[in-house]
Amino acid sequence: MRSPIPDYLTEVLDVCGGDGSGELAAYIPELAQADPDRFALALATVDGATYAVGDADVAFSIQSISKPFAYALALAEHGLDAVLEKVGVEPSGDAFNELSLEIGTGRPFNPMINAGALTVHALIDDETVRRGFSAFAGRDLELDEEVFTSELETADRNRAIAFMLRSHGIVEKDAQEVVEGYTRQCSLLVTVRDLALMAATLANGGVHPVSGERVVPREVTRQVMAVMATCGMYDAAGDWFTSVGIPAKSGVAGGLIGALPGQAGLATFSPRLDRHGNSVRGVQVFERLSHDMGMHLMEVPPPARSLVRGRTELPGGKTGHGWAYELQGSVNFVGMERVLRYLTEEPPTEAAVVLDLTRVHEVRDVGRRMLLEAVRRLVQDGHDVTLVDPEDMLEAFPDDHADGDLDAGDGIEVPVVRHR
Amino acid sequence: MRSPIPDYLTEVLDVCGGDGSGELAAYIPELAQADPDRFALALATVDGATYAVGDADVAFSIQSISKPFAYALALAEHGLDAVLEKVGVEPSGDAFNELSLEIGTGRPFNPMINAGALTVHALIDDETVRRGFSAFAGRDLELDEEVFTSELETADRNRAIAFMLRSHGIVEKDAQEVVEGYTRQCSLLVTVRDLALMAATLANGGVHPVSGERVVPREVTRQVMAVMATCGMYDAAGDWFTSVGIPAKSGVAGGLIGALPGQAGLATFSPRLDRHGNSVRGVQVFERLSHDMGMHLMEVPPPARSLVRGRTELPGGKTGHGWAYELQGSVNFVGMERVLRYLTEEPPTEAAVVLDLTRVHEVRDVGRRMLLEAVRRLVQDGHDVTLVDPEDMLEAFPDDHADGDLDAGDGIEVPVVRHR
Amino acid sequence: MRSPIPDYLTEVLDVCGGDGSGELAAYIPELAQADPDRFALALATVDGATYAVGDADVAFSIQSISKPFAYALALAEHGLDAVLEKVGVEPSGDAFNELSLEIGTGRPFNPMINAGALTVHALIDDETVRRGFSAFAGRDLELDEEVFTSELETADRNRAIAFMLRSHGIVEKDAQEVVEGYTRQCSLLVTVRDLALMAATLANGGVHPVSGERVVPREVTRQVMAVMATCGMYDAAGDWFTSVGIPAKSGVAGGLIGALPGQAGLATFSPRLDRHGNSVRGVQVFERLSHDMGMHLMEVPPPARSLVRGRTELPGGKTGHGWAYELQGSVNFVGMERVLRYLTEEPPTEAAVVLDLTRVHEVRDVGRRMLLEAVRRLVQDGHDVTLVDPEDMLEAFPDDHADGDLDAGDGIEVPVVRHR
Amino acid sequence: MRSPIPDYLTEVLDVCGGDGSGELAAYIPELAQADPDRFALALATVDGATYAVGDADVAFSIQSISKPFAYALALAEHGLDAVLEKVGVEPSGDAFNELSLEIGTGRPFNPMINAGALTVHALIDDETVRRGFSAFAGRDLELDEEVFTSELETADRNRAIAFMLRSHGIVEKDAQEVVEGYTRQCSLLVTVRDLALMAATLANGGVHPVSGERVVPREVTRQVMAVMATCGMYDAAGDWFTSVGIPAKSGVAGGLIGALPGQAGLATFSPRLDRHGNSVRGVQVFERLSHDMGMHLMEVPPPARSLVRGRTELPGGKTGHGWAYELQGSVNFVGMERVLRYLTEEPPTEAAVVLDLTRVHEVRDVGRRMLLEAVRRLVQDGHDVTLVDPEDMLEAFPDDHADGDLDAGDGIEVPVVRHR
């Protein structure tokens, strides 16, 4: 069978490819010479599958898409509090405030605007950027020297911002060097495949889906994607978050990425930009993908099956008379709340209680804690509780094959059996 | 067994109850007389369970928490485009622009600020508000006449905004009537239980978890929660979205709600406000809940089990030689992508293919479409495909007990059996 | 002889009359029906001469030109400090701040914008406005009922501002009544002749040039003209003050006034407005008058003759041997500084000193004080000083014809003779 | 006799010297080491007298007081239109716009803010600045190397602005060089005596009162003083212009100048600054001088004597029967208007008309033109007009002693006699 996914992605390119509106970024001479008709789309799942269609092998400079990744590296190196001292997380309309610095402190509103990105860059060194970005992409990224040189020649606005940041004590490094380093950061060459994998690394909690390398801690990715959600798209963050609902970032070379926590990274490339500076066809592709695939973060999923599949009476064997509860699906807050309600409203009438996780396919952290709390309370109520967990979904034991006891807190241990 | 959930919620109240900082809203005399020590917390799941602790039966005026619900009713009545013409969806810092109107058009930045809320209110009538809010809450809400009168006396700022909106042609109704109606909207009395259910109705795609009434269409709730995520908290939207990550809205009477799509609605009540106008202890409770329960929207879940549980060889029976694939967990994009990859990389070598959904506990819309596409392609490749779906997760048939054929598109029909 | 002044003014109208650009104020229906071709110019000197050419008898509504006069009346009634508490004196670009209120206090930037003018109006009552304006004009002004009604119907923006001012505690009266009163103030009917006399009353230190009535105190006119200089013209105050250099105020009905301290009041009427809301041809007339007549406040006059016309030796008569100094021109700071220098560098060598003011035509307050100080010092140095002041320029005596002694301070009295 | 002027100035210093509030400019290390108690005041008249009291010989860096003089030099070199293309003339509140650049164009609001001053500096070269400033002061000014070095080290904000100006195409020179040059401009050493003479050169229409050198054209000084009037004082332009009413400019080293067109230049030095950055005691001195000496530009002078002193019947001599009109005081617009009115209302009944200017002490340009127009019309009415002008106030003849004919336009010549 041929996978329908590339076909679907190609179809999306075809549908969105007709729009020839928008303009190349004019203010950087080298970018103004790009082929405006290039069009590519890639998708990388958090478990390492990559799909790419269109001009997927064309490399272009990463530009502002570098911002969330540099932010991630700065957070990983300095921690959230130290970075928040230098750069805020508030969305900002440029219209009122050319520099987007907080009045008084001079702190940039957020790391997705140039002032914030320069500040973030000043917190890490050039080598960290290059190695970190390469780790995000899963391959060594190269610099586009022409773009770098061209962009540095027209970087007066960034120089202005860097000196202003220095004057506020936000940046302490040499302003010219910061601009040079940031321009180098923006000039790294990527393909949509690279970008999709970089976004997928964020979506995967900081671990590269293919290499398996942990690039940044899990909590960093939460922060980065949250900021992308509110500040990622130029001048139209609210519009984007309501209509597309995917944390995203665009770049003036025509790139656009999206990260879906726990699911996938997306990337498009099409150099013609709208008046906000976002890729015209890229935005269309994302709107279509969000709509077709229900990827909007605020999408309410259809109701799932109850986590309690059923309750069966246990014969009076080893565990004595009692009840076996078969769980299924995801042990998350909503599911466990139903289990707890069930156990509360119709408490087991016999001593033995078996909780069977054989059909469970996912255990969220909060669900695990709620499950253990239920076990603890059942034991305190006088029940003999046994957990059946053939695939060790509770991550109870280092040794995959043995049965054992699980510490449920308060000194309570419950037996876990690895077969039903 | 006693449910641990109320115990947990009570513990959260205890931990956060110690902070006596913050001030009552001073500018509305009636609110300034509230008991500052009231503290309550409620949680309502999308399937109708409600937990409430603390001063859960104390009624207070809904105030600005009315904004997302009035927005929802306006969207339901007029459609997204008509409402967007009148009110934007961009976050807005009040500091630069006392009225938060777009320069030129006079369009309010978003429906969560007063200018936007007045505009939204002018789009619906008073009766719609009262009935709609009551449907969101699942009971008839009453007006607090004292608060209404007190607030109307100090509503000059809102009158100013209403007249300015009229001068821009954004509001066409009589400005004084709009302010009066909006003040009445803000003066409806609610408890944290009501608010939790109202939020849960949003989280449940517009259907009240207990009454089962559809209050607003599903797509409306997506829009409303997206706007709450970026614009819901006074003056600190970005900070809230990064640190708590739950679409929320606060009110000056001390209420605070959060909506977790597909999971639950949350509500707190504590009248002392921080300098942004958000409830001091309410914010702390949300931070704690978000942290403890992993409720941040950008939280990356741990990897789930593969959707393909296994493949077994079929004996040469009715379906001939072939393979049976057992699916488990959630048929969503990520899961189906893996199934498709598996079928693509290791295509079935025999004619008969059985896809067994017995262990599936959730089918997302995109997953269903991907599954049917896989079926269609397998049939086109010459396979005999049979679906096993005992609980009709594919929602194939009106009659729950019969086998039948499912239309996979392109005139292809595949048999579905209801037992394994 | 026919006066050349009307001929000159007519010529200015002819030269500037050709420009048909600009638009009538569209937002007030009644104003939109004005005859766009009306064109008039009037000039009133501080000693009561009035010249008017073109459509000088056409009455139109005073509109924003009422602002400086209402400000003058409020200053006269409450004093500078009380008014400054409510309204500032800073120029303000509307672009950044639709309401032009100081952030925090809500104090309007200045009395020439609507927010400031509404605040000023709220400080005085309607009767004060009508009587005061009539005193400024020298005749009873009538209300244009049609304009008043039409304008009140479209006064939502002013209502918005009035309610906002109330919400900040800047205005305490009923907001709707303030708007109605202010609209009535703006709807008073004037001709260019009236406006020229009103401006001339300011230029004359508050005394009507014809009626001789003191309308407001002298120090009030200084404040009003200073504010007109920096804030009088819509959105282009700096441009106007550099290019024209005359304190001015324009109105949307097409009027424009200028006040030249100590010289004259000017007024034009031409309803077509530029994009700032200033009369197109009115601005041209003022530019021309300023250029032709050297009326720019920063114009440096050519050097005047020395105040000391000459020194002559006195024969040894009644006053003994001595020196007579003949003064001429203006006894102001610059002139007296030269006199003092002369007396210091070449001190009189004989006992008798006569200071002859026969040829003096103006004595400024500072000059008078410097002259008396000189007299005092000469006496202290042992001189016999006599002043000759036939026309009592020093305003020494109530009785015009008698000689007498003048108190020069420190108990020193000097004889003043009324003939040379 | 000892001149009272130094005594008066000393008294002003004494009265204002008690206020020890305010802070030294902290951000430039070298300035923070100044002696905070220094206090000086100087006054220079347009005819070359200079008075200086207090620490009048202490030199300090000119800082922002350099702005109006550099603006004057740029206007002189490039003309008004070319400079207006680069820098506006609108007052600007820094609160809303850190850079004070027009949105869109990037044009600085005015030349008195740093953005405007950097742009102005970029229009002239360093040598022009040094030579021009020295000409304004009447002596060679020196650079303070320590201040220059110290200030350059903390010039990041100016560097930011310079790069931003370059990015908008407003400045084309190398940004770092512009900042260095501008810092050098600010570091020139001056005393209050220098500053008073520099201001007096502006007040004298561009000619140094002592050296007699024309430094800039007359029309340039009008523009510069107009901009000083509206934009000269940090953050409080309107307040200053209403309360003091003198075109002024302050500098962070503690200097403050004022220019009174046609009268004098003033300068104070006192390093402690208020929160706006203006010298605390300097502002007090100006308020006192403005009040005591009636120097407010909007001060309405007391009425002067009529320009027509009297009319006498001529005996039938050489000029036949007729009337002689004796003029006195200032031949300006107001005066001549009265003369014209007199001649119009009571036209001379005999052929001969003599206009006697013996007692005139000043002839303004507009007055001269009005006088000649009157002469022309009298001749056209059939009169024989003779002018008596012993001191050649009409500047009719190169040769001071001869009688002659004056061209009154339209081929009309009138005899002028040099004795009465």
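Each chain carries a letter (A, B, C and D) given by its place in the written order, and its residues are counted from 1.
To be clear about the criterion, a residue touches a chain if its C-beta (ideal position, glycine included) is under 8 Å from a C-beta of that chain, and two chains touch if they have at least 3 such contacts.
This is a predicted model, so every value here is computed, not measured.
**Student:** Counting one step per pair of touching chains, how few steps separate subunit A from subunit D?
**Tutor:** Counted as steps through touching chains, the separation is 1.
**Student:** Compute the distance, rounded to whole Å, between the mean C-alpha positions of subunit B and subunit C.
**Tutor:** Each chain reduced to its C-alpha mean, subunit B and subunit C end up 64 Å apart.
**Student:** Between subunit C and subunit D, tell me the centre distance in angstrom, where each centre is the average of that chain's C-alpha atoms.
**Tutor:** Using C-alpha averages as centres, the distance is 20 Å.
**Student:** Using mean CA coordinates as chain centres, what's the subunit B-subunit D distance in Å?
**Tutor:** It comes to 68 Å between the two C-alpha centres.
**Student:** Which positions in subunit D are in touch with at least two other chains?
**Tutor:** Each of 95-97, 103 in subunit D touches at least two other chains.
**Student:** Viewed as a graph of touching chains, is the assembly arranged as a line, ring, star, complete set, or other?
**Tutor:** ring
**Student:** Chain pairs that touch, all of them, please.
**Tutor:** Those chain pairs satisfying the definition are A-B, A-D, B-C, C-D.
**Student:** Can you name the residues of subunit D that touch subunit A in the complex?
**Tutor:** 95-99, 101, 103, 156-157, 159-164, 166-167, 175
**Student:** Okay, in this complex, where on subunit D does subunit C touch?
**Tutor:** Per the touch definition, subunit D meets subunit C at residues 1-5, 45-47, 49, 88-93, 95-97, 103, 110, 203-205, 218, 221-223, 225-227, 229-231, 236-239, 241-242, 245, 247, 261-264, 292-305, 307, 328-330, 332-334, 337-338, 340-341, 343-344, 347, 359, 361-366, 370, 373-374, 377-378, 381, 391, 393.
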